[in-house]
Amino acid sequence: MDITLETIISGKKLSNPLMNASGILGDAPDAIRLLNSMGFGCIVTKTLTLRPREGYRPPIIVPLDYGLINAVGLANPGIRIGAELVFAARNNGIPIALSIGGKTSKEFIELATIAMEYDPDFIELNLSCPHTPGYGIDAAKTVKAIKDIVCSVASIASIPIWAKLSFSRNLVSEAEAALSCGASTIVLINTIPAMVIDPYIKTPILSHGWGGLSGPAIHPIAVYSVYRVYEELNAEIIGVGGAETWRDVIEFILAGASAVQIGTGLIRKGHNIVREIIHGIKSYMREIGAKSIHELIGIAHKK
Amino acid sequence: MDITLETIISGKKLSNPLMNASGILGDAPDAIRLLNSMGFGCIVTKTLTLRPREGYRPPIIVPLDYGLINAVGLANPGIRIGAELVFAARNNGIPIALSIGGKTSKEFIELATIAMEYDPDFIELNLSCPHTPGYGIDAAKTVKAIKDIVCSVASIASIPIWAKLSFSRNLVSEAEAALSCGASTIVLINTIPAMVIDPYIKTPILSHGWGGLSGPAIHPIAVYSVYRVYEELNAEIIGVGGAETWRDVIEFILAGASAVQIGTGLIRKGHNIVREIIHGIKSYMREIGAKSIHELIGIAHKK
Amino acid sequence: MSIAYRYSKPSYFTGKIYNINRLSRTLYEIDINIIQDKLISLPPQFVLVCVPGYEAVPMSIAVQEENGGVIKLIVKPVGETTNKLVTLNNEYIGIIGPLGKPLLPSGDKILLLAGGSGVAPMLRFAQYYASLKKDITFVFGAWESDEIGDVPGIIRRYASEVITTCTNGCDIRGTVVDVLKYGYVREDEYDYVFVAGPEIMIRNIANYVKNQYKTIVIMERLVRCGLGLCGSCIISGTNKLLCYDGPGFVLSDIVEVLRQ
Amino acid sequence: MSIAYRYSKPSYFTGKIYNINRLSRTLYEIDINIIQDKLISLPPQFVLVCVPGYEAVPMSIAVQEENGGVIKLIVKPVGETTNKLVTLNNEYIGIIGPLGKPLLPSGDKILLLAGGSGVAPMLRFAQYYASLKKDITFVFGAWESDEIGDVPGIIRRYASEVITTCTNGCDIRGTVVDVLKYGYVREDEYDYVFVAGPEIMIRNIANYVKNQYKTIVIMERLVRCGLGLCGSCIISGTNKLLCYDGPGFVLSDIVEVLRQ
């Protein structure tokens, strides 16, 4: 039998375990086509909110040697673009997750209701954006708030729900809350609050002051997060954070992830990154004698 | 007037704002002398516990491109070594902070009582080590636990108490709790939980599984933490996390730190790092026309 | 070859402006020291200039000196941020770059066509090809002659032949396109033609030139992140991002967009 | 010069053992492929070998090949981890390194004195100086001749002269120190003398040699972090860390410690 990179998320087969991370290019049909051309097994949209958002004024990103800090401010054209995005993905025959972000569980229900009209394959709940007041970690600060949002959405959802969390001291309880409400999958992790100050200008560089750190810097924190949640809850997990080589992706999978999202890596390594990683994973699997992703998931845990 | 690098911590004047981070070489008199020879303005001991601890078996450290992950496991010769450490520092005419770590507020009181017999200049409470069950974040998981420990120690302490915290979603409340109990200074941040997995061996590399991430990777998270706590509480702060150039140190100071600790930088840049940074800070101050550290502290905040 | 094909990866730099000079009614040259660092770029790469208290705006690197220790911008103030920028002599600014991809076909005879602030990226091409001892013809056009000002003086440092165009008082009366149309220079005598300026000028030239494979156009779009993440600069109708795939494009690749 | 003075910064590598060969009763050679990477070191740098399920133990790099793509260890099993290590043919191991500082005085005539597993770092010096076409004398000693085994075969790849010592059946009957003491080789004929082996042997030699500035000794201490952070390997009585300042030291710098 030949090597296969297929993986299963929320019961659905993906041709490979790689997807883009939410917020990277997924807010216009042209961008969906661009993402599709890169070879991903699934596409995730930019987090969409009820109304369009302008986001912060540039500079919204600071590139660092080991990642980047962004404070885009959830700029997006609003949930209604979802129809076109799902349509573009369908046309390209690629599964799509619609990412939604609200300030309250009521907003999340409204968003999910609209999202379901567009019939995406999955809905990703952004419970973890760190730099946009009212949204993300602000809306989902406590285990109770997470439960409230996920249970509300799950109660009306007819398609699988992913809960995207970030690193926190209560990560395991947060993930448990989301799963207990019916989330099929935990997405780990979002960016971590961070700041860079220019010593001569003597102010923070980002217009918003602080932003979220992504890229290689957070990769070992993300691997830890995936490992812990898998160890404690045996959950279905999508790993995200600093994946830019096949080694990074395999680390996530051995730690317990069934799929891996790539954000910052697209910039640091270029648009060919998906093909390079797939090539690397295949040679690796050949070298160690593995036939499928499935047999690698979570095996770094002591048996 | 000439440029001065003096700074004041807990009312005490230090000749320059640099100190080593706890856990880097401060657990034997020889090591104190070595640290002193590097040019620090103050020395911090390894975190000492009531009884000696062996720590984890090697590998206890994984070097990465942008930092390192350690799980030393609080290996230390026990609080009684404190006498020799303070003596060595006194002999070298350099201020010293004794770092202590207990599992309960009772242990912290016991440790502080012993520590005070040795008469160090400061006591640093390790409330944040991420990888040693029972200690650090385990002992100080909640705002309540932090209050309990810091208030207990402060009630018996006759010397300034520093509370060392790590990055967390509740950072500001945690720092507030420590200050309200009488901590003079907040030390920010400790390492962040992280893991590396070897794709071929298929297990975590560290013997303990996970450890704490330090170095450049966490620097922008540390700057954010300092900035937030200064902004919200106007506290006296010591910044720590990935400082390895004068720019990093100045970032901390502009964000609100009165002093900066260096850990991983000692390894990545070598033992000359303190002199190099001091040289860099001086040329910078000359360039921008600053005369003292004092006039730089916290000025990145909008006035 | 005297210039190695090498550029920095995108980073944040502090720059200190040490010279601002008004070149014409509409254009300023701004010289910037990259503090304690080098920003090494190749044309037509650009930077995001972070103006403290204002926005970060995309600007072409017009000239690179001291191996990237110094850069020159040519700025046309049009709004809040660019108007502020031209007043910041002796001030610090933030610079994110280099952004975009180098696009450097090899040829012996190069024709550069610039309108308005499009002179900036064209100047950088001129500098690059001049360092390779290539033969460069530089056409610089504007509406009025007072928009031309001292710009040709800078261009002459790199280009053997400089032609200005405007409604009155320039080498040629007319537009940059007219220079081709009326045969003042002949496209087919050049190995490559580069074009930068207002989009309407680019469209006109796109409609006129014969060899779309040998024509390079420098585009502008709304740049927010500059790093290919936010999608703001996508060239609609294609799957190309200005900040990632551009800002220079071979005309044949985007001619459809320009014809819309 | 054929070897550039260049080494990697400490990193984690995966290694795959592809050959284990018992050289003598007490010594094994272990050849390791650094997977998809290079571990570039200079003598007397060492590595931490992470044996899965066991500990990480410090080991000198005895030979470096293919620009760091392959390394050879010479291992004397003494405890749990080292005994496991010599059984791991065709298995993966973790490697952290290179650790410690290069210490490479220049000289034309080099004397290398090795006892037991001290042969490992001496071999690497031999390889290094041989690549510079220097004249190398290598003395290798042990108690019994069955501890010598096939080791001289490897040494001969690099050293022009090889002398073995043991209680019986070697080139010289006696210890490594005896080779100096009884004038089989004369210290003053060499530009530099390097010593590695049990600390007692190093002490004996330290007491004997005349030029402490031209004698380099390789020390051992308990290495835990290997990176100069934990203080475990401090050479008490000095402010030197074996893993940061060493493991090679100029004898004059630590002779007090050895005399205690």
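Letters A, B, C and D name the chains as they come in the text, with residue numbers starting at 1 for each one.
Throughout what follows, a contact is a pair of C-beta atoms (placed from the backbone, for glycine too) under 8 Å apart; a residue touches a chain by one contact, two chains touch by 3 or more.
Just so it is clear, the model here is predicted, and its values are computed rather than measured.
Engineer: Starting at chain B, figure out the least number of steps needed to reach chain D through touching chains.
Structural biologist: When the steps are counted carefully, the minimum from chain B to chain D is 1.
Engineer: Consider the contact graph minus chain B; what connected groups of chains does it contain?
Structural biologist: No chain B: A, C | D.
Engineer: Farthest from chain B by Cα centre, which chain is it? Let me know.
Structural biologist: C
Engineer: In whole angstrom, what separates the CA-based centres of chain C and chain D?
Structural biologist: One centre to the other, that is 59 Å.
Engineer: Using the average of all C-alpha atoms in each chain as its centre, how far is it in Å between chain A and chain B?
Structural biologist: 33
Engineer: What is the distance, in whole Å, between the centres of chain A and chain C, each centre taken as the mean of its C-alpha atoms?
Structural biologist: The computed centroid separation for chain A versus chain C comes out at 37 Å.
Engineer: For chain A and chain D, what's the span in angstrom between their mean Cα positions?
Structural biologist: Computed value for the inter-centroid distance: 49 Å.
Engineer: At which residue positions does chain B touch at least two other chains?
Structural biologist: Chain B, residues with two or more chain partners: 64-65, 196, 199-200, 203.
Engineer: Using the touch definition from the top, which residues of chain D touch two or more other chains?
Structural biologist: As it turns out, chain D has no residue touching two or more other chains.
Engineer: Drawing the touching chains as a network, do you get a line, a ring, a star, a complete graph or other?
Structural biologist: Drawn as a graph, the chains make an open path, so a line.
Engineer: Using the touch rule from the top of the page, what pairs of chains touch, sorted by label?
Structural biologist: Chain pairs that touch: A-B, A-C, B-D.
Engineer: Residue numbers of chain A touching chain B in their complex, please.
Structural biologist: 64-67, 69, 137, 141, 167-169, 192-197, 199-200, 202-204, 209-210, 213, 216-218, 220-221, 223-224, 227-228, 247, 250-251, 254-255, 284, 287-288, 299-300, 302
Engineer: Which residues of chain D touch chain B in their complex?
Structural biologist: 9-12, 14, 16, 35, 48, 50, 52, 55-57, 92-94, 96, 223-232, 234, 236-241, 244
Engineer: Along chain B, where are the residues that touch chain D in the complex?
Structural biologist: These residues of chain B touch chain D: 23-28, 30-31, 33-34, 37, 46, 55, 57-65, 68, 70, 72, 75, 196, 198-201, 203, 205, 207, 263, 266-267, 271.
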